[in-house]
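Heads up, the next two complexes both have subunit A, just with different partners, subunit B and then subunit C.
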Partner chain A sequence: MGRYFKIFSTFARACLVRDMTFRANFLLECLTSLGWMSMNLAFYLLIFSFTPEIGRNSGWSREPFFAFVATGLIINSIVQTLFMPSASELTEMVRTGGLDSVLVRPLDAQFLLSMHRFDFSSMANGIVGVALLVWSVSRFSVAPPLIACFLYPVLIVCGVAILYGLIIMLAAATILMGRNQSLYDFWFYITNFSRYPAEIYAGPWGGPLRMVCTFVIPILLVVNVPAGTIARPLSGNAWGMISLTCVVAIISVGVSRIVFQAALARYRSASS
Partner chain B sequence: MYNSSETKSDRVIEVNDLAKEYRVYDKPEGLWASIRGLFHREKRTIHAVRGVNLSVGRGEFLAMLGPNGAGKTTFLKLLSGIITPTRGSARVMGHVPWDRADDFRRRFALVMGQKNQLWWDLPAAESFRLHQEIYRIEPVRFAQIHDELVDMLGVSRLLGQPVRELSLGERMKLELIAALLHEPEVLFLDEPTIGLDVVAQHTIHEFLRHVQKQRSVTVVLTTHYMKDVAALCERVVVVTEGSILYDGSLEQIVDRFTTHKVVTLDLEHPPAEGEIEKFGFACEVRGPRVSLRIDRTRIADVLPKLLASQQVRDISVEDVPLEEIVAGLFRGAASRQLNNDREQGARLV
Partner chain C sequence: MRTYAESARLQPSYGWLSGLKSWWRMLVICLEERLAYRTDFALGTVMRFLPIVTQVFLWTAVFNASDRTDIAGYSRDNIVAYYLLAMLTRAFSSMPGLAGGVSRSIRDGSVKKYLIQPVDYVGFLLASRIAHKLVYYIVAMIPFVSVLFFCRSYFPPAPDGLTIAAYVLSLVLSFLLGFFLEATLGMIGFWFLEVSSIIFAYMLFQYLLSGHMFPIDMLADIPTGMAGISLADVVRFLPFEYTAYFPAAVWLGKITGWELVTGLVIEFTWLIVMIGVCRFVWWRGTKRYSGFGG
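Take a look at the complex of A and B:
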């Protein structure tokens, strides 16, 4: 484990050195993602100038909703920083045969492929997310209970694990198909659902969609459950969702590992 | 089988009936064919490696020689566990390669001339540091090997330069250092001199020869270049169409696959028409300079007669160039394969 942490640090260090080498690019990426995030926040502020709450009796009034947005920012920032750059690169590695050099290393291939490249500029959103979370929570009418403060980071990790499992399964599809350029697009479409409170998915179309996005592709658990834990009272239903999120996180990582190993066994490599 | 006298424990690589087949689809030209291809595709089987048997002893330097598409790289990918075979078995240092056990992967290295394994945007020193962590090399030992290899190739000034700014030759030297840092027992080299100039090729030949002798590394090298083979290897495996055509020493190729020698003469005067042809096949007549192909069994009889009949300024008797012999082998194998394929009919499945 210590060795893997050391290798992780070496990768992280090397990527930081590379990012610093292309300083202007690094700063531009930070500014772009901060700009995109600011526009989103402005959009939500605009919505709250018309309504005090999103959804009827949903509990997502202004400050809790900003805690929700902050949770989404933190989780997405972790995924975008740690896993997404490597997963995006995998498509090219499979197409060009670059994966060959990974498979000959005496190291877990999944670890090497999912954590060899980092995008530190994506951390900017996470930092703003933490600040937004602190600001929102400090303005709650009732402070969150201590147990919620303890569960929140655990559920953040679970949310990241669910997304990681999905990324790995998409990456496995890349290995099997030889080319999967739609990986990033598909990822964007899927994660788009997780950016809004589950309560908005109601009615004849919304209900089934909510079920699918909770139990089939459990994307709605990723942000909703940690955000709900910190921003809303811990009811009986909340405990059920917390348990479900923890179980789904473990299953997601486990299944993704099986799928990834099966895909590696079928790797064809590319012509030299 | 070459070197059949060696004991089982001396064998580092053992391959039995190893085969790799790929199913590919034929994509006909045109828009309509592309649309049709969305629903129905005609697939065929490519036999990249066809039931190969091979045994390599500890410390051997073996070259796999073959034209493009012969299956050399596929064979190396099988031996290094990158891909799994369709059938057959292989053991490298006692391990089944495609099980990808860490104990196995720690003991070999693969260098691909056409693929970059170093971090592109960073100096090679950063990649070396990562290798140290991945292969768990003790810091003192790492420094010792690193310095030794860097000195041998004279690349100390390149270590701090981003890899993307290096020439192909410089990059290949650094790739070789990265591959040797963990002191592999087996080294797979896939066309390591491809695209390099003569000086860089020579440096890499010298380096590989030295390292292989000093550390008794077992090396399997794939190449198109006879120069690589002549400079480095005692044993040559000629591969075409996924099968082994020849397995033996370089010298034996000449004995086995040629029946004649090339005699080059510098005469005082250009020969009269038809005068020189009675001694052998005239492959080149350019003024007073003549090249003849003469049957090896007749050479001792023909030469005295030739010297007696002509005023000769200079003479040389040589074997047919190796490139020519090997190219002949490749052509022969390709046409045999084509005939086989015709006999068996189209292999569409």
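Take a look at the complex of A and C:
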């Protein structure tokens, strides 16, 4: 374990050095990342100029909703920093046969493939997310209970674990398909469902969709449960969702590991 | 003995036919390339519909909570129809991978083969993109028709023939405008090694100002500091809205009469400007470009 942590630190240091070598580009990446986030915040402000809340009696008025957005920013920032850059490289590695050199190394292939490259500029959004969270929570009419403050970081980790599981399964699909340039698109589109409170998925189509995105592809648990814990009262139903999120996070990482190993077993090298 | 130039002058018709053959060959190559990874391509096409689902639910929730019957002149049904039409327009105007591909070919030197071969690079890119779009439309036809049929109740009655003609024209222009905008962007690679951030910044503006995110009419009440000029008025003179908002608004009857004619003229003018800029940037870029080795 210590060895892996050391290698992880070495990768992180190397990527930081690389980012700092091209400082202007790094700064520009931070700025564009913040620009994307600001644009979304402007969109939400525009929406709140038309309505007092999102979904009738849903409880997602302006400040709680911005706490929701902040939670999404923090979780996505962690995932974008740590896992996505490596996962997006996998597509080309499978197609060109570069994956071979990873498989012959005396290290766990999943570790190497999912954590060898980091994107530190994505942390900018996370930092703003924390600031937005503090701003939103300070404006709540009722401060969140202490237990919610303790549970919140745990649930953030669970959200990251669920997304990590999803990335690994997409990576497995890449190995099986030979090429999957849609990997990043699929990631963007599927996480799009988690960008808004689950309450918006209502009605004859929304209800079943909400069920699928909660229990089949548990993307709605990722942001909704931590954000709901900090922004809304902890009722009986909330405790059920918190427990479910913790269990799903463990299952997600476990199942993705099995699927990834199975995909590697079926890998056929593209190189000679 | 004849010079090469004299020989070329003596065979004008053959040159024209040869050019057409080159274009056809480029189109076939690109079609084959696209179809090589069919599953990936089909998956990517179908997935494009997912974001619109969240937008429909989001705006439904907004309308439910606000008790309003319309927002910026759009009913809830109008909004759903707008997003579907904007998505249809983006299927024409979006150029995934074009700017990145051009800048990469400059960075890794593969662009030099187009400098020594009798092939026009911009023409090759355009043929490649047409092939990409053709395959895309073939694959996307079924999901697009299904979704539009399924959501037909959200749409107002079909517009008259002239409006449909204007809509089709605006779609074709949006394709060409999108192509020349992104090709020009990629050619910035002649001056900067790493342009991914610039491309991303462009995409941000494009997403916001094209009307892909929400109808531009929602910006009509946002002041700019200039008397009587709203943010929507400013956006109207930029090229971005013609790659999503404009065709959708034309179909929905939000833009009619002289406003429609003016819009088409502005779109066409932007296209001519961007063709000129693209050619100029290519000319200047290749002047300063140097490639070494094989």
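One rule holds in what follows: the second predicted complex is superposed on the first by the 271 of 272 C-alpha atoms of A that agree within 3 Å, B and C clash if a C-alpha of one lies under 4 Å from a C-alpha of the other, contacts with A are read in each partner's own complex, and residues count from 1 in each chain.
Going forward, a residue touches a chain if its C-beta (ideal position, glycine included) is under 8 Å from a C-beta of that chain, and two chains touch if they have at least 3 such contacts.
Small disclaimer: the values here were computed from a predicted structure and weren't measured.
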{"item": "In the superposition, subunit B vs subunit C on subunit A residues touched", "value": "C"}
{"item": "Which superposed partner A:41 touches (first subunit B, second subunit C, both, neither)", "value": "neither"}
{"item": "First, second, both or neither for A:14, with subunit B first and subunit C second", "value": "first"}
{"item": "First (subunit B), second (subunit C), both or neither touched by A:3", "value": "first"}
{"item": "Contacts of A:127 with subunit B and subunit C, given as first, second, both or neither", "value": "neither"}
{"item": "First (subunit B), second (subunit C), both or neither touched by A:56", "value": "second"}
{"item": "Touching partner for A:269 - first (subunit B), second (subunit C), both, neither", "value": "first"}
{"item": "Touching both subunit C and subunit B, counted on subunit A across the two superposed complexes", "value": "22"}
{"item": "Subunit A residues within the subunit C interface of the complex", "value": "22, 25, 28-29, 31-32, 35-36, 39, 42-43, 46-47, 50-56, 58, 177-182, 185-186, 189-190, 192-193, 195-196, 199-203, 206, 209"}
{"item": "Parts of subunit B lying in touch with subunit A, wherever the complex brings them together", "value": "22, 73, 77, 80-84, 100, 102-106, 108-110, 112, 114-115, 117, 119, 121-122, 126, 129-130, 133-136, 162, 190-191"}
{"item": "Contact set on subunit C toward subunit A in their complex", "value": "37, 39-40, 43-44, 47-48, 50-51, 53-54, 57-58, 60-66, 68, 71, 194, 196-198, 200-201, 204, 207-208, 213-214, 218"}
{"item": "Of all residues in subunit A, those that touch subunit B in their complex", "value": "3, 6-7, 10-11, 14, 17-18, 21-22, 96-98, 100-101, 103-107, 109, 265, 267-269, 271-272"}
